[in-house]
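Each of the next two complexes has chain A plus one other chain: chain B in the first, chain C in the second.
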Partner chain A sequence: MNAVIPFLKKPLVIALLLIVALLYLGESLSPGFASADQILRLLIVASLLGIVAAGQNVVILGGREGIDLSVGGVVSLSAIIAGNVMNGADGGILPAILACLAAGAFFGLLNGLGVTLLRIPPLVMTLGMLGVLQGLLVVIRNGIPSGRAAPGLSAFVTQPLVFGIPGIIWLWIAIGLFMAFMLNRTVFGHRIYAIGSNEHAAYMAGVPVRRMRIGLFMISGMFAAIAGLCLLGYSGSSFANVGEQYMLSSIIAVVFGGTSLAGGKGGYTGTMAGAVLLVILQGILTTVNIDESGRQMVFGATLLLLMLFYGRGRAMRA
Partner chain B sequence: MTPTTIETPSARPGGLKLWLERYPFLPALIIVVALLALNGAFSPNSLSYRSLTGLLSTYMALIMLAIAQTYVVSAGDIDLSAGATLSLVNVAIVVLMEKWGGGTGAVVGAMICGILLGLACGVINGIVVAALRLQAIVATFATSIFFTGVALYIMPVAGTPAPALFWRTYGGRLLGLPFIFYVLAALAVLLFLLSRTRLVTQLLAVGDDQQAAYQTGLPVVLVRIKGYALCGLFSALAAFCLTGDTASGDPLVGGKMTLYSVAAVVLGGSALAGGWTTVVGSLLGALTIGLVNSLVFFMGTPSEWQNFVQGLAILLVLMAGVLAGRRARA
Partner chain C sequence: MSKLKLNGVSKAYGATLALRRGDLEIAAGEVHVLMGSNGSGKSTLCKIIAGSVRPDGGEILIDGRPVTISGPQSAREQGIGIFYQELSLAGNRSVEENICLAMLPVKAGLFIDRSALKARAARYIDLFSEVSGDGFTAETLVGNLRADQRQLVEIMKALASEAPILIFDEPTSALDRAQVERFFGILRGLKRDGRGIIFISHRMDEITAIGDRVTIIRDGETIKTLNLSETDPATVIRLMVGGAGDMPASQSSAPAVANFSTGAAMTVDRLSGVGFRNVSFEVAKGEILGLGGLHGQGQSAVLRAIFGAGSITSGEIRIGSDRFDAKKPRDAIRRGCAYVSGDRGRDGVIAGRPIIENVTPIHYLRDRLMIARPSSLRQKAMPALEAMHTKFASLMHPINSLSGGNQQKVIIARWLIDRPDVLLLDDPTKGIDLSAKADLFALIRQLAADGLGILLYSSEDAELLGNANRILVFNGGSVTRELTGEDRTRYNLYQAAYEAA
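Right, the complex of A and B next:
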């Protein structure tokens, strides 16, 4: 028993148990919810969220109130850039990937420079950047048509690739392995935890704190850009503010994965489970037959309830 | 190494620092005056009495919401549900006023209910964040979804009009002066009275150093809940101003205003980390957002570029606000 309780308190275990419970609930509410087909469909949606959350995750791990509110704007921007660069032709996929990554890295760089050189709090800097990105989207949309996804990209996201599983899920698994390797086995990863738990100590130990932090925001921008590209493949064409929903849901996925918003503690495996959990919850709410108001109330209340399972702050002690 | 070489360069910043310490909203005031001047330069008409009162009535809701946000930020918290609370109160009072006939009694009754509703939302947030110890950003986002659901339940689609008595009063005149001036004067008195209360000092103490505040014997959890309640109260007041301005109910109207309220707080020179805030600054910060928007319009920016220029300008003044605020605190 003594070994079981701490095990059950691990965020990843909590998330996995909740996923199973929600799948069971969904299946009993509407038979067929937990069928293999449905689960694959949910996983595709979860992978889009999970890829955005990967970037959010490293920014949050880096501490100093790290947070990236501009990810939603980057997702939308990247979807429209990709749509225009490829414009329905498979030959355009590679240039589109490069263009999206460049755009994501550029806006991440600006965020990082504002946060490190000017020492603007991340929340403020990325909030301001979100406003700029939303304005930029209006400009772009007025000048050019929204563009179409290449068939190859759509197939990658929606059609089975290997063992009946779509490419995007393989991509997500690869990103998960990459993140686990980076965070646990590389100097860069260890330094993320170092600056996240004690920036000053990390600086004294010779960690290039500023460059690290700029790098984290660039990683966040690039992951958001990849998600935007995949989102285009998922929906076929981009529409206004497709990425907006990812701003706060990516943060919630990270929190559900057991990463503390204070930084320095957590990892990406939990975040992946958190993203799946969030998507299943939304899936159940769209399946059950209640109107929008009830759906929102239940969603909000459930999110609060689920948060109680995760890292609550410590009580004040004298 | 001699004392004189150290004293000379620090003398001037010292004076400036003193000013900033006494009037932390000074940088925000300078930005507002500069924006007013720019507005006047591009379109003299924009500085007319009429346009300025119009600007004030339009942005009074954001001013109230920014002030609401300031009180939670004082304690080092944040409220991402302020806009949803505004929407909820907006639809609730519109529906109640319609139900009760739209007379004076109905308006007053609905406003009392609106204030109670705002307070209730604030207390819920406070309990969730301070008592249950959830992380403020995600927890208040979750409550914002919940409040939006309740607002949608009360009024599924936007468009129910508010009674004429309500918006005619808000947009009209009283004893020869625009009604909005009375709102502003009442707000000033309210803010002054609040600034003399123990609660505001306690909020700042908690925001400055929670542990220290606790060890001095402050009931930290209760203080934070009260901060959220104050935020709910001002969100309700913001809803009144918005209803007076738009003359209708809309269950989603406040969603976009939340992040602007946070931006206004920062523009005003308050520190998001807590412990150092200025409500006057937040008021000016909200005005800054309004003035930037009107300036971009009066400059003759092509319509498709307006959002971009607004976003860029707000990012720049945000940076200026943070840098100036830090100068004051350093």
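Right, the complex of A and C next:
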């Protein structure tokens, strides 16, 4: 019994229990909500969010108030770049992937340089970058068409690939394994925790703190870019600010998964559960006819509730 | 009648008696000097008078009346003003605002009375008008001032309290000659007004210049009060050291014999930087070179600068015959330099992470590892932790689950996987228990015997006297004396630490 209570208090376990509860609630509100088809569709949407949240996760783990508010802008930009590069042809997929990754890495690099060299707080730096990206999107949209997804990309995202499961879900699982390996079994991963936990001590132990932090923002940019590319495959063509919703929801997924906003504590497995949970919540809100603005309010309130919950937990342990 | 009198005041922190018995009497119109070595209880005594520490026992009398000082605010109300050694200024406010910070003049119960504030601050600024230096005006932001100018503001702030009893804890450490002279002139004026002044300084010449009486504290006890005019520095230092001060470091604790023929592990040539100047020394392979003197005389600053974590303005460092100038700790580590700080919470411990990750970071860097394989890391980490006699249940437990002494052992163990050539120890035993200290020094001697060059700064003189082959005494940022062989006595160490810089 004594072992059960701490187990139930683990964020991952809480998230999994909530997922089951929400699925049950959805099924009772609208029969068919928890059918296999529907769950697969939810998982596709969760993959997109989960990929963005992977980048958000490493930036937050790296500490010093690390956060990336520009992910939504990068997702939108990447969707447009991908659409124009491939423009409906399968042959354009590889160049599109490379172009998107380059763009994501570039804006991540700018974020990282601003945070480390110019010492701009991440919140301000990435918020400013989001503004720049939004302006850039308007300019681009006036000049060139939004572009279309290649059939191969759409199939990868929406059609079953192996064992009846679409490619993007396999991709997400692969990213999950990669993240677990990186965080636990590589020197880079250990150094992320080290700078997130005690930056000065890490510096004194020879960790290249600046380069690490720039790298984390670049990783975040590249994950957001991959998500933007996949999002194009999901929707067929890109439209204004497709990525906007990912800023808030990626942060919530990370916090839900038990990663501390102070850095140095947490992991990606919980974040994956958090992403699924959020997507199911979103599905339920849609089922009961709550519109986008209502959903945003619920999401914002969820984040605040989570902070309250974890904040209290910390205070009680101390 | 005495202005301030302390009778048998005591204070314990847990099991440690910081102040066993403090008796002190400050007469009206005198400058009373407090002297004692690092950790003798001097600052605890001051904190009790200033109200920031509550005593466990004893009584305090002001003007013959017993009083209770319940906090800094209460101390101020009872007429006690203090100069804080750790600067307590607001960097973004002007000089005049800082001077009046404790009692801002207010009009209509709400608004700050600008003209009254200006007038009051000007009184104290004028006292130092010729010596305060360029760019010092009432409107200058304190953050833009030089260190000596900030210290002047701190003095003005203490004077502005107009308290009958004033405590100055090392008020002159950053001041130049002319500024000290002016300050002493002002103190003499305060004496004529009948104020009681407690003065702490580590410069013997200043103490004899301004002090009337001196009270010596040793091991948490006030030993004796003397008239400075009837005594001499040697007597004072002898009292601070205690009975066995003239004995050379005992033979039983003689350090491992250094084999100087093997050459220098590190050579430092006329090194200057922030907090130290013109420091030169050579540490041989197998030698433990001690850095001594009072707190904050440049010992830590030199060690951190060598490790690439401070700033060097001129001079040269060589490891063997190669030039060694580390821009950052990463460079220093790669070239075989190790640094252990006493402030493990800030410089060492990666809190919340497993013990293993706290042992391996140096190994990651020196072996250029990419993949962290738990089994091979375990094999590397275990011997290092065992060499330190570290007690822990599992390598995967968070480091916070260990005691302070064991945490420090883990931090030191991280340097033992890939052996460095030079080990810099910056007060490494601060806040750890006796058995951990014994383990640590056994290891340090072993490392020296293996041929490492070791630089040891310790705030505990016994650790230096018992372990170092030679001791460089730091005073005011430079080395003022080198103690070798029979000269390594507590008396010589104190004398060198207290003589004028």
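For this structure, a couple of remarks:
By our rule, the second predicted complex is superposed on the first by the 288 of 318 C-alpha atoms of A that agree within 3 Å, B and C clash if a C-alpha of one lies under 4 Å from a C-alpha of the other, contacts with A are read in each partner's own complex, and residues count from 1 in each chain.
Everything below uses one rule, namely that a contact is a pair of C-beta atoms (placed from the backbone, for glycine too) under 8 Å apart; a residue touches a chain by one contact, two chains touch by 3 or more.
Please read all numbers here as calculations on a predicted model, not as lab measurements.
Once the two complexes are overlaid on the shared chain, A:V124 sits against chain B while remaining clear of chain C.
Shared-chain residue A:M204: touches chain C; no touch with chain B.
Chain A is touched at more residues by one of its partners, and among chain B and chain C that partner is B. Of the two partner chains, chain C is the only one that A:H190 touches; chain B does not reach it.
In the overlay built on the shared chain, the residue A:L136 is in contact with chain B alone; chain C does not reach it.
Contacts of A:A36 after superposition on the shared chain: neither chain B nor chain C is touched. In the superposed pair of complexes, A:K265 makes contact with chain C only, with no contact to chain B.
Chain A residues in contact with chain B (one complex) as well as with chain C (other complex) do not exist.
Across the complex, chain A is touched by residues 307, 309, 328-330, 333-334, 339, 341, 346-353, 357, 360-362, 364-365, 369-374, 414 of chain C. Taken together, the chain B residues at the contact with chain A in this complex read 80, 128, 132-135, 137-139, 141-153, 156, 210-211, 214-215, 220-221, 259, 262-263, 266, 272-273, 304-312, 314-315, 318-319, 322-323, 326. The residues of chain A lying in touch with chain B in their complex are 65, 67, 69, 114, 118-121, 123-125, 127-136, 138-139, 141-143, 248, 251-252, 255, 261, 291-301, 303-304, 307-308, 312-318. On chain A, the positions that touch chain C within their shared complex are 184-191, 193-194, 197-198, 200-208, 264-265.
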